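Structures are listed in the sections that come next.
One chain, subunit A, appears in both complexes that follow, with subunit B as partner in the first and subunit C in the second.
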Partner chain A sequence: MDKFLFGQFQGLLKREVLEHRNLFIWAPVILGLLIFMIDFLVISSLDEDAKISFIENLARFFAGGSPLEMAPAFVFPTLPFLGILYICAILYLTNTLYQDRRELSVLFWQSMPVSNFQTVLSKLVAIMLIAPIFYVAVIFALYVIGILWLIISGLSYDIDVAGLGYMFLTATLSLPIVYLFTVTSALWLLPFIGWLLLFSAFANRTPLLWAIGALALILFLEGFIFRTQFISNWIETRSDIDNFLIVDYGGVFDRLFSYDMLIGLVVGSIFICGSVYMRRFVD
Partner chain B sequence: MNNIVEAKGLVKSYGSFRALDGVDLSIPTGAITGLIGPNGAGKTTTLKALIGLCDVEGELNVAGRDPRESRHKLMEDVCFIADVGILPKWLKVSQVIDYVEAVHPKFHRTRAEKFLSTTEIPANKRIKELSKGMVTQLHLALVMAIDVKLLVLDEPTIGLDIIYRKEFYDRLLNEYYDDNCTIIISTHQVEEVETLLSQLLFICKGKIVLDTLMNDLPNTFTEVIVEPQNIEKANHLNPIHIRELLGKKCYTFESVARTELEQLGECLTPTVADLFVAKMKETRHG
Partner chain C sequence: MRELIKGKILKNRYTLLLTVLSAYIAVVVIEGAITGRAPDWLRFDNSLFTLDLRDLDELSEIDFDF
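What follows is the complex of A and B.
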């Protein structure tokens, strides 16, 4: 890749992070603090015996186990973060192209030698690849602080904390799975991502309402004219949590190279091309 | 001289409203062109069309490219300042410089920083915390740090006080403009740019109603304070505008020999503002 183009793309990504720092950085940080405070208050409220027993049980559970095998189990505690990430992604996708037009800064962005394709691509990369990095980093920080606190508490009670070291290793090894899962699920959900971007580029107000309204209209027309429910069934299957919640490496790669994934990528790409086209003219 | 802008028959409609109704333009390289017209005349639409920000019909070539096909490539050679504060309000001054440095191959950071060091703009402030004058100064600093062939300014000093307005044009001319650069300015404040311009374009109801070089203005347009006894003769020479001036009739003529007009009364060269009023009234009233 041309060195300047690479630097240019980095500049675009930096812009996305700066503009949406509340969704990318502050949302997971606040959630992380909230979870830490709840855990801290719950554990602190235990009496000494219960606290010792809790730390001992944890250390014993992880001691000598295989961190790699146990790692997938650590994906489940991260679900609150993934939930917030999805909510933030919906807010981001519906506003990212719309907001520029609303505050007229689109004239500034468009006055730079950056193509609409580069702009939309940077937004996709930002939400699909960059945002999960921040979330995973916050989860990692939470693990470090939490387990460190358990180790210090354990040492003060003369507990053998070696198992907590395994726990930390297990937790750390789960993070690549969490990241891969978010990226794979983003690819799986690309038709929805493209749909939201399309209305972010098109709507003059309330893009989320437009996106939902247009979809509802299509579903109604399909039922009314063709007497079928093909689209609603397709959406239901694709958005079913059991169909995209994968917690092991094998599942991730199976999903990545599946026929269903390919269809979703094609549909999503069509919507994304539509959003690039809509972005062409700002009036 | 080569033309940096060539447009023929530009048409743009918003529903039943024709914002551009067959605009023809030729702007020579190195010109400072004033695009002047009343509200809703089509100035902003014309400028947006030149930089590929609105879809128009017709032939269009700017700096050797069709803006509709390759806006992002064109913007390597063209800069644009709009009539509204379009810099993203959530960015800090230093961040907007970082951004332009990252995405623009012809941006010189040191030049922008040197310009900003002569202002009171703090690098760590967000744009929303700056005054309107400071935002315009910042945008000018960014633009002046880019080597471009064409600078498009859409009412750049609107809403600024006289000090900022004067400084804006002074710096633009003294520190930025050279013969390789072309500037198009759309403005209402005709008097402020009159002395800068080398080409004058009047636009009204989506049509160019005047396209002239400033040097040709005295040869083409003449104002005559007509003596009362010559009123009838003056009316026969098809004046484009008649106004009252200190109890006398002041006629504006287009392409009438000065020697002929000198017999009617005192001859003057109209100011751009007077000419603007004359041409707009002529266009509006047929």
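What follows is the complex of A and C.
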């Protein structure tokens, strides 16, 4: 990719982040603040002995352990962030191309030396690769603040806090797993991403309703006319969280290099290709 | 081929949508038929629980008295 194209793409990504900073930045920050406040209130409500025993137990649990082996333990506390990321992703994908047409900014972007393919690709990269970075950064900040607070509290009670250092290492090593999980799950769910983008580019109003309605209609017609359930079965296996949940580094390769991932990428590409061509119809 | 794409598929947004959805259905159905994926809506199987709705025959025998 030459320098001009790279600069163009960087500009498109910057535009996506700036236009959707509520979903990309403020949503995880507010969730992080909420979680921190709840934790703070719960721990503050403990009496002194309970606090000492809590910090001692934490330090003892992580002391001397292998941070790499214990990292999966820190994946599960990040699930609220991942839930919010998925909700924000649905909102983003259903509105992004629709909003461009509603505000007529699509005409401006089509007058620029930027192709429809580049625009759609920038939206995909923004939600699949860039948005998780902000979420992981907020989780990291939450870990740093939380563990620093535990260390300062531990030192003030004269507790051996060496184990909390291991805890910090473990938490930090879990972050790449969380990021890889979000990226791998986004690839696994590419058909859903493409589907939402397609209807975002198609619908004149209420794109989410169109996306859900069209899916329901296809499922109904398949069952009613052909008496088969291939599509419903395919959707069921694709949306089963067991098929894309990753809690360790080994799971990433198993998920990435599989036949099911490949067929998902093929189907997702059909929808994405459709949404690129759909952008030429501006009412 | 180019004429078909420009004249028919890219004629308007509805023909494009129908083409994309047809391609999607064709890929999923052909892939499902080749791999022999067994359609089974009534069975929910995951790491947390397994529920087969066909085994719930006794539900019909429950007499609700309101």
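Simple rule for what comes next: the second predicted complex is superposed on the first by the 283 of 283 C-alpha atoms of A that agree within 3 Å, B and C clash if a C-alpha of one lies under 4 Å from a C-alpha of the other, contacts with A are read in each partner's own complex, and residues count from 1 in each chain.
The rule is simple: a contact is a pair of C-beta atoms (placed from the backbone, for glycine too) under 8 Å apart; a residue touches a chain by one contact, two chains touch by 3 or more.
Just so you know, these numbers come straight off a predicted model, no measurement behind them.
Colleague: Once chain A of both complexes is superposed, is A:280 in touch with subunit B (first), subunit C (second), both, or neither?
Modeller: both
Colleague: Just checking: does A:271 make contact with subunit B only, subunit C only, both, or neither of them? Give me first, second, both or neither.
Modeller: Once the two structures are laid over each other on A, A:271 reaches subunit C alone.
Colleague: A:110 contacts which: subunit B (first), subunit C (second), both, neither?
Modeller: Once the two structures are laid over each other on A, A:110 reaches subunit B alone.
Colleague: According to the stated criteria, A:77 is in contact with first (subunit B), second (subunit C), both, or neither; which is it?
Modeller: neither
Colleague: Which partner does A:65 contact after superposing on A: first (subunit B), second (subunit C), both, neither?
Modeller: neither
Colleague: So in the superposed three-chain picture, is A:165 touching just subunit B, just subunit C, both, or none of them (first/second/both/neither)?
Modeller: neither
Colleague: Applying the touch criterion given at the start, work out whether A:233 contacts subunit B, subunit C, both or neither, answering first, second, both or neither.
Modeller: second
Colleague: For subunit A, what residues appear in both contact lists, the one with subunit B and the one with subunit C?
Modeller: In subunit A, positions 280-281 sit in both the subunit B and subunit C interfaces.
Colleague: Going by the contact rule set out above, which residues of subunit A touch subunit B in the complex?
Modeller: So the residues of subunit A touching subunit B come out as 4, 7-8, 10-12, 14-15, 18-19, 103-116, 118, 280-283.
Colleague: Could you list, by residue number, the parts of subunit C that touch subunit A in their complex?
Modeller: Answer in residue numbers: 10, 12-13, 16-17, 19-21, 23-25, 27-29, 31-33, 37-41, 46-47.
Colleague: Which of the residues in subunit A end up touching subunit C in this complex?
Modeller: It comes out as residues 198, 202, 214, 218, 222, 228-234, 236-237, 240-242, 263, 266-267, 270-271, 273-274, 277-278, 280-281.
Colleague: Under the touch definition given earlier, write down the residues of subunit B that touch subunit A in their complex.
Modeller: Going through subunit B, the ones touching subunit A are 14, 45, 48, 51-55, 71-76, 79-80, 82, 84-91, 95, 98-105.
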